[in-house]
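I'd like to ask you about the structure that follows.
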């Protein structure tokens, strides 16, 4: 038994130096057999949390792209601002946690609205300009975070729910993660209801499908753009707020998140909200399992290659439904 | 070439040749990096001639740097061979990548190139062969036989500056000639109307690939020049942050002219040095500058002369002619339809 | 006078698309604009609905100037535009499309009533109410597009090429629907059509457009046999 | 052998049939009119011939050679060149440069010869050709203007010049008369005739019936993606099906 | 809490610089002559946590020394001025900065973090014969005659913690370890492998993760799946230690944890519990620890230094806050022996004896077997553990040379296996 473990250990470490990651994944799944039930279950639980955050980030990106045609590179920084807001309000100024989360949502939504009004609206019809502007925002928000919190160590956000719940023997999940998971899923459901059950939601979808025809229905495109940007930014902020007790709250935390969000968005089909959510779930599991069994670098590399593959297969856009000529 | 142009280029080069002696030691290093970056942005612009923006240019620069460094270190190849080979490998990599990437256009190309680039870059930090996250250290500097002095190790800033200046000038000359040849004209044509170009027999795939491959060759050369000067490279040097800076240089400078990106990189690099005192606030300056340029000069700094000319002309026009009946109409609907170049959609 | 257009000019970039067009629509009226491709028919409609603004000239609706208003403001005043190519929202269901037509209206109960009326009017739409619009046939999409416009309870309906790409049987049906809308709902209609026979048969008055100007106008019945019309269409 | 043969071409987009089993031939030296109401499939057929679309079924032969699955640039190389609906030009380039790009095929050069100036001969050849075409189209005095600053008539002439520079044997013209006034139309008609007289076969999609009837010896009429009628202008004009398709019947 | 008045003042001052008003950086002319010491380290960006707190510490050190009359060399009194350059942790910027400090500012020593930023500087540093220090002894090689690692001999001191653990808790039989894949993590892995082998503790899992990792749940899951007695965090970054510990607690881990660092551990305790963190072993003492007042400690007045620092720069204390100042202590010692500030004289004076005063007691110049050159100062190193009150306290000062004398072969074996020997790194 121990002997087998040692082999596995050596294999894990040397895995870094071998090229065939998928093959290794397979080998590792076999090697970890003795603890596999617990490990797989725990990893699945971890995956669910990852998935819900990927989904929150991706949905925001899709909304913004769908309605305004702009790739928001600053999306990761909006997420960062969400986390910083919680740190500032809850940890530094003693607000109740949930109030701080709401505060973060409001702050980031306002930033989003400001971005739409001053930066993205003048760039309508100029996607590259929008992209560049979002990079400008990215720099500014990072600096503001440094100014607010200083550099050095990450900001500590003490989890309001310090306990953890054992689901099964050896499989546990922290209460903080459960709470975040519930809120994230709740928000996604609320958003889905909003988009499919309300007039404003239809209007938003209508604009993303055909903005001129939407204008002809009396839908004010500017207002819908603000709605999309506010909502998209708000969800990113909320994701950051919820994850703040569980991750590194520092000015550059948005960097890794945005790459993942892009992968999810592209693979899910860039105009499709349901596609984004579905892929977020799948990718959350994929990413977490590969990270657990092989390595995070390999997981990211494979993710990027999957994205590339999807782009190659459907090179001119993965927009789900568009009017045919 | 008009006489005035020749004179001004002559003056610029005279200044560039004399410059290192007027500079402090660390500023000489700054100049070397800046001159290399000029090659990077100008070669990037060749890509944009065909209308495509990529996010892989810096990774291909890294490919050149890694190739040249590893060849020089592991098999002791001379700089004079490894450096061009760095360019060749970057170009070959681009050729290989053109097959998947040029199935895409516009935004999808941008994101696709980012995905491949990042995957390549991660592989450098993953595989031991490339030195892992630490990268490659102790990269030898070039040696050159100088009559009268014998074999010289070129690693001090002033000689290396002249080396870089020579190679980059050659690169710029090639890129300039290319742009002003029929090939450059055709690339530009593809940018404006790729379907029309295709309809008169232009193989747009071939030209896009050509632009990509040549641009990558020079990016690889730039990377090799950097590697052999600094003596060490690592994957972080070629990450998306660096790419974003290149993008900013090019776009702030403007892609409409050959000199636009050069203005961008020179101006912003100097500003960056000036604001070094601002420490943590430095990126803020960048951010605000970026937004300001996009707001007031969305086509980059190089569109400024044209804007001024336009403004003057309009002023003249409105002074002499009653333009009341000719106010340009605006298709300013509330709709988000981008400025397609359609004429009369009936 | 419901709608009055006075000598409008429209330029795209620097090219003139409309070179001075004037026309009038009475309350409950039905007029048609006919002419070949590029004559400026669609541009005229787009200018009325505020998608494009004229560089010269005025548009008045019930006496109020509307040539600088945005599309949503124009719609609020009572002008609905059924654009060329239907332009329904493919990812929404038929019923969601229809409800969006009433986006500007606040009178919820009346909207529900009107929705029922439209669905009564177009039984095919009732059958497909919860189907994605992209899965509907061309004729159904055209009905949906007209139905959607009616949901805003317009005084004036701008119809752009409703027969385009539809099979003759469907065209006939659409024609009937347009007639009914005009008669039963009392909605004035400006119809842009390639199919001159259809258009002139339905309308009271017609304008023939050529390269951005009105070549000839007159009572529809009179235009039907007009040489000018035949020439514009068949080069006689 | 006909210059262009369309053999049973069908094109589907998803469930929609844009072209349904269309067959006809164009002889060398003709100006063939391709007409039909909006949405009849004329542009789709053009795009299929020029290689921008691939037919779902059927074949397209040019000078006996199957071109139905070739790339647009290759088809252009074989002598089939199209112009575009509306005015499609390299807007920000000069008139001269526009035509020079059109000469792409007659004087191609590779990177090295372009850099080293080895293609001087070919370069000169292309420039000569450009001047020749500009002369032919009466655009010589406008050669240094930007394309976007030209009046509509000259823009259309330039579009034709760009296409001609590629030395086509078959020219596909997509609505060259749209939006033109009578004078401009007349000028464009004479230009088109001159092009035909220089040995280029022309297929013309056009709504302006005066131009079509005036230029074309033979017409092909499409409706709902199918071939509706063929014949001389007079025959077509009298054809009740055509009249119905255009003026409608109710 | 978050923003202090000082920060606002600083922001305002920076704003003034930005707006072109310009404030002289060193506002008032000093009466005494000034000696400049350079700090070329990352002060912005993601690695700035390894540079900026060091700058704060050095400024405090300089103020203390200057207030006490400065340094007296060759009969003259000098004030010390710290000149910093932000190298952004990029090789090219490091080279520019190094040259600026040496050639233009005329500094007498350059302190660096090392790592990625050293190799580019190496050649020029040798050329200029400049005394340079690094915190990463893996930069040392026979080609670096003027480079010293006078404070930290990372990762060799980690053996002291493992040694203490194995004596205190003989029941510990298995360990699972995780490490980030970079120039800090990998040599440390080799050291821990050697230390655990010597201590007869079996390594049952080793997870090497990417430094960009943000979610540690999967890593901790795979570690805990092996049910280890000890969890070893290797030389993880402070933030990683925080997140991994919190994850370990959430996933129900109850055993021992050993780590190289545990900066800002009160934050971890606040996120877990005192109970969970009780007995957490690491290698960096709090500087308010009374054990640092012992005779053999050479760091000048550590408790007061810590108190002053916390007051000046609240919330920024990390290991580098005292490490760079301790290098300055050593430099001052060397300069006073040499009676000259000249870099080569100071270096010669320092290396003239086989031992020198290290922060934690007299230590010897050492390193030939690992780095090919005896330029690292190695002696005692503290083993620190968190107690039941949630306070980190020094447990003992372990002797690195003593361990090495017995087990050098094991360490070299593992270092070689991980390709960390100097001859393998070139």
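Observations on the model:
The chains carry the letters A, B, C, D and E, assigned in the order they are written, with residues numbered from 1 in each.
Here is the rule we use: a residue touches a chain if its C-beta (ideal position, glycine included) is under 8 Å from a C-beta of that chain, and two chains touch if they have at least 3 such contacts.
These numbers come from a predicted model, not from an experiment.
Chains making contact with chain A as well as with chain D: B, C. Relative to chain A, the chain whose mean Cα position lies farthest away is D. A straight line joining the Cα centres of chain C and chain D is 33 Å long.
The distance from the centre of chain A to the centre of chain C, each centre being the mean of the chain's C-alpha atoms, comes to 44 Å. Spacing of chain B relative to chain D, judged by their CA centroids, is 39 angstrom.
Remark: chain A and chain E have CA centroids separated by 35 Å (rounded to whole angstrom). Counting partner chains per residue, chain A has residues 16, 146-147, 151, 212, 214-215, 220, 295, 297, 300, 324 touching two or more of them.
For chain E, residues that reach two or more other chains under the stated contact definition are 11, 44, 181, 210. Among the residues of chain C, those touching two or more other chains are numbered 13-15, 17, 37-39, 51, 70-72. If you check the complex, the residues on chain E that touch chain B are 11, 14-15, 17-18, 25, 43-44, 86, 89-92, 95-97, 99-100, 103-104, 115-116, 119-120, 122-123, 143, 181-183, 186, 210-211, 419, 425-426. Remark: chain D residues 50, 52, 71-74, 76-77, 81-84, 86-93, 97-98, 100-102, 104-105, 107, 109, 111, 114-115, 119, 123, 126, 162-163, 165-166, 178-179 touch chain B in the complex. Against chain D, the residues of chain C that register as touching in their complex are 13-15, 17, 36-39, 161, 163-165, 167, 171-172, 175, 194-199, 201, 211-212, 230-236.
The residues of chain B lying in touch with chain A in their complex are 53, 100, 103-108, 110-112, 114-116, 118-119, 122-123, 125-128, 244, 247-248, 251, 280-284, 286-291, 294-295, 298, 333-339.
Residue ranges on chain A touching chain C, taken from their complex, read 199, 202-203, 205-206, 209-210, 212-220, 320-324.
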